[in-house]
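Naming follows writing order (A, B, C and D), and every chain is counted from residue 1.
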Amino acid sequence: MIAVLKSGVSELQKNSLIKWLEAQGVGIHLSEGQYQTIIGLIGDTSRIDIDLLNGLEIIDHVTRISDPFKCANRRFHPTDTVVEIGSGENAVKIGGGNFAIIAGPCSVESEAQIIGIAQDVKAAGATLLRGGAFKPRTSPYDFQGLRGEGLDLLRKAREATGLPIVTEIMSASHLDMFEDVDLIQVGARNMQNFELLKELGKLRKPILLKRGLSSTLKEWLMSAEYIMSEGNENIILCERGIRSYDPYTRNVLDLAAIPMVKELSHLPIIVDPSHATGKRSLVESMSMAATAAGADGLIIEVHNDPEHALCDGAQSLTPSQFSTVSAKVSEIRKLF
Amino acid sequence: MIAVLKSGVSELQKNSLIKWLEAQGVGIHLSEGQYQTIIGLIGDTSRIDIDLLNGLEIIDHVTRISDPFKCANRRFHPTDTVVEIGSGENAVKIGGGNFAIIAGPCSVESEAQIIGIAQDVKAAGATLLRGGAFKPRTSPYDFQGLRGEGLDLLRKAREATGLPIVTEIMSASHLDMFEDVDLIQVGARNMQNFELLKELGKLRKPILLKRGLSSTLKEWLMSAEYIMSEGNENIILCERGIRSYDPYTRNVLDLAAIPMVKELSHLPIIVDPSHATGKRSLVESMSMAATAAGADGLIIEVHNDPEHALCDGAQSLTPSQFSTVSAKVSEIRKLF
Amino acid sequence: MIAVLKSGVSELQKNSLIKWLEAQGVGIHLSEGQYQTIIGLIGDTSRIDIDLLNGLEIIDHVTRISDPFKCANRRFHPTDTVVEIGSGENAVKIGGGNFAIIAGPCSVESEAQIIGIAQDVKAAGATLLRGGAFKPRTSPYDFQGLRGEGLDLLRKAREATGLPIVTEIMSASHLDMFEDVDLIQVGARNMQNFELLKELGKLRKPILLKRGLSSTLKEWLMSAEYIMSEGNENIILCERGIRSYDPYTRNVLDLAAIPMVKELSHLPIIVDPSHATGKRSLVESMSMAATAAGADGLIIEVHNDPEHALCDGAQSLTPSQFSTVSAKVSEIRKLF
Amino acid sequence: MIAVLKSGVSELQKNSLIKWLEAQGVGIHLSEGQYQTIIGLIGDTSRIDIDLLNGLEIIDHVTRISDPFKCANRRFHPTDTVVEIGSGENAVKIGGGNFAIIAGPCSVESEAQIIGIAQDVKAAGATLLRGGAFKPRTSPYDFQGLRGEGLDLLRKAREATGLPIVTEIMSASHLDMFEDVDLIQVGARNMQNFELLKELGKLRKPILLKRGLSSTLKEWLMSAEYIMSEGNENIILCERGIRSYDPYTRNVLDLAAIPMVKELSHLPIIVDPSHATGKRSLVESMSMAATAAGADGLIIEVHNDPEHALCDGAQSLTPSQFSTVSAKVSEIRKLF
């Protein structure tokens, strides 16, 4: 961490700052230039509060040189994390060379629907089933999901197909209901719901942490850090597009986040091309691109009847379209 | 709402779509052009699921013509909403020509601190006291607030000064503790924590709803709609800056949101110049600008010792700086 | 195009607007709803000035339903455009299934440098040589390029290797010097330098039109339209990342723009992973991803000595790194 | 400037880098921490090419501590620049406490129109006349301005009213025609048209430099630096909104840029509320807010017949609306 002093700071002020910093347990290197004095903070600065330092009247500005995340940092944990989801013969690994496709409908609608889609996507190569029971919708007047009943139907689909299930949690008060969910998803809108993250950190269950609507990579990794610092290291990151100014697509899919996150962190990262683009016609090429970029998996919306899906039909593939995507993705994976 | 059909859609498909739409209770006007067929949906379309419609194979795209918010819509509620906070002689009104300044520290730190600041800001013209008890911090290693104890200290400061208190809630599970908070704040990171919004909708207490980190005006008003559709109409909106690509300021303060929101909605809107800019030196001019733009109030961070504030010191004013700002804002209010 | 009238507009005003619109040569369909009256404009609306219409006091707002670009529009020109660059045995085609890699240094520095790199990238699979002679730099104190001398050196490298040359023009007043450049590049900062675009439209030479720093797809295609409407249809689009708020990468590479542009337009589109990310370590995976997304080519920075490149060294590959990328990209192209 | 070395760099590499840096004329301070080695560059680093340094294999990353602009930097030029426009009794000063309003139509359309508006805005308090002769339009099919004829009409309006004239240049090749324009405007789309900026730097005429569509404050000041480093220090900056993701307004008006630019630079800064919002109904409140934020002036679109203006009618005020705005702005200026 680098703190640049304002010009005109007295020796007394400077020395009292240095003493205070040393008392926080960091080492100090001082560079006095023609135009400014720079204090380098050496050692573990991840617990220094940068806002506090910035608030001091004698400070011009402060720059972090090392990343503030520790548990999620590849520097301190060089090997890839492999997350195992589900158990027994249907258990699935993601990360460290293990690639998996999660597929299923935006919302769970009925027993026939979810079991039918589960069978279809399993046949086409998916190894995990997604389906929304609790749905975050911009409008209170839009369909909010079958909630508890949706979770029951997901369990039935798991029973029928063996596929581990992935579904979104929207409040820590629902945790009881999620006890036997195999992979709990935190949606983009809750990426900084810190009270929820802390509760999930107390579990030992895998968490799928979606990137926030316009979050930086650092904020995203700090949200992973919230979960990990409580003891749960089973985290899969999911890039799902960030806020865009272009009306043609719902978001900008930031595929460079894949190799960048892999440099910064050991956590696996998958991609959601369906929500990222909001357009069915773009899902195939973005699935291929994400795979070629080195993603550890994909999460794709599939619906047997996208015309009548209760939400997000515009971006859902039919099972047969999904089957084509899955085959093309396999071809690309062979190059890895 | 306007639905544009893809070219090559058959008469049969078109007619079955029209029948289905009419069954949802909307009227239909059909325009057949040289290059495309457009279906106009007439009547109350706010409960039509635009994503569902977009998902139909025969649809090119759908555009909403009328706004999807109803309770918050000025069209259906032309007069300004006035929100009353607190009770008795210290009650404060915001909206409909009533302007108020909320001031106080980022975090409640101690009894002496919060009572001291409360007295200072009251003397300088603030009529409500803010102070964070639960703090949303990007890093789990940063100070998280005094939580329950912080709420107790706020109550003491209210007792000492009469100022109604404003503080942020981070989880619906904390609602019991917020029973006698006068104005409950929903932070930017929870603007789309829909489960929390629904719970707040069941109260009759005023809610301060901050704009999300990169939310559109429509998303923001839809979040207000979540609260209002449950029955709680006591909402004050708060513009606090949106995500920027420029490192000089923390966010871009979007002051045009003030007159724009006032055209769209009858809800009062205030501005937080402290979080918007993250820089103490910009707070005075942005307070004046927000007032000149027609804001119904301001929420400003003030700390008796910003140098040692436990968070966000960089943007806090001293009581004496606040006093200057408050006086300049009063001058501008005289023009209204 | 859809024009929504304000409520309370008189019959007289409405009818006089309709007459005026019909006089512009468009057909009219009228839908009168409970809350608003909508006028649908039918026929060729691409020459209607949407701002003018929006300015009328009786209009609430106007929405374009069809795209304002014509020459660049796939609707009116369904087959892919193939652009041919250079002539004779070294001519290269891009688009319509033809894929090519452009490679070379950010700046031309010396005869030995540019000829050396040209030979290296040719050996590794590139079929066009790039090199900056005129350099757009944010700072006037940074290296501005060898200008005319740089163009001479590029010609020498073409003579030595046969590779057609690609280089950026920064002013229409330099056009004379660009007479025998094979592919003239318009940089992101000049994407809306309309006076330059019009001049390029009078040539019959291929133009590489980079996307603006934060341009929408529509603005980009309208800039292509500026060139095409003057008669030059030899345009290759180049996605190079758009403005981001995340400091880890220079820009966000918007790969979904590839399939989206291909739906909207018949023009070929290539990708610049070097400028998009600004980081050498991300170039390989983004080259692979762009290819998998369906790009018609790549433009990659290669320098024999990136450590001492006069600009943008941080993102340049060595010839040997480029050779690896080129081979991996070939593997992906085999799947197409 | 701070350069952070990668871990594992040898003593030899480190020392050879230090020698090379010292040869560029900067001093070196070395801080060796537990996790990384940091090299502080001391002295005038504004001419060090940060991209070149970033490109070195042994460098992790480089951060500028001091601003790269010199001529525009308040640190080296603490007093406000005052720009004088026009001459004689109608000369107008902007900056250093001098406030002025520029008003006029988006486009010059006819002699009667421009003289009429000039008289109206002069009567209402404007002291400079704007009017577009060369118009940058997104579409080649939209009205492109009267060009040379428009400049002639502006001159006639100046003759009739005495108001100095302000108009946009789109190409250095038009410079001859702009000889007697009083204030030459560089539009947002040309903010980084560096060849144009260099030519304007050779003049001694005032330049109005609009902020780019999504430019950072640093990029904007570096564009001013392009002009100033050639010798022309008569620059007025103009904030006109930056790219937004919200469809309700055309751009986000970044009013915090006013006090921020004033901290960084001595140049005057004015605001264009008309283009920033694109909505007539927001111009009054944004004019007042900009003035309250400390702007040195405003540039406002006024048209005698906005209903039939040839471009941007949606954002133009009538002379009578302008008169109201001008009066309210005067009231706010009295507080300064």
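To be clear about the criterion, a residue touches a chain if its C-beta (ideal position, glycine included) is under 8 Å from a C-beta of that chain, and two chains touch if they have at least 3 such contacts.
On a predicted model such as this, the values are computed, not experimentally measured, just so you know.
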Higher-contact pair (C-beta pairs counted), A-B versus B-C: A-B
Farthest-lying chain, centroid of Cα atoms versus that of subunit D: A
Whole-Å gap between the CA centroids of subunit B and subunit C: 39
Rounded Å distance between subunit B and subunit D, as computed from the means of their C-alpha atoms: 32
Chain centre separation (subunit A, subunit B; CA means) in Å: 26
Per-residue multi-chain contacts in subunit C, two or more chains: 214, 243-245, 247
Complex contact set, residues of subunit C against subunit B: 2, 4, 27, 29, 31-36, 38, 40, 42-44, 63, 65-66, 75, 243-245, 247
Residue numbers on subunit C that touch subunit D, as the complex places them: 46-47, 49, 51-52, 54-57, 68, 136-143, 170-173, 189-190, 192-196, 198, 212-215, 219, 222, 225-226, 229-230, 243, 306-316
Subunit A - residues contacting subunit C, complex: 214, 216-218, 242, 244-249, 252-256, 258-260, 263-264, 276-277, 279, 281-282, 285-286, 288-294, 328, 331-332, 335
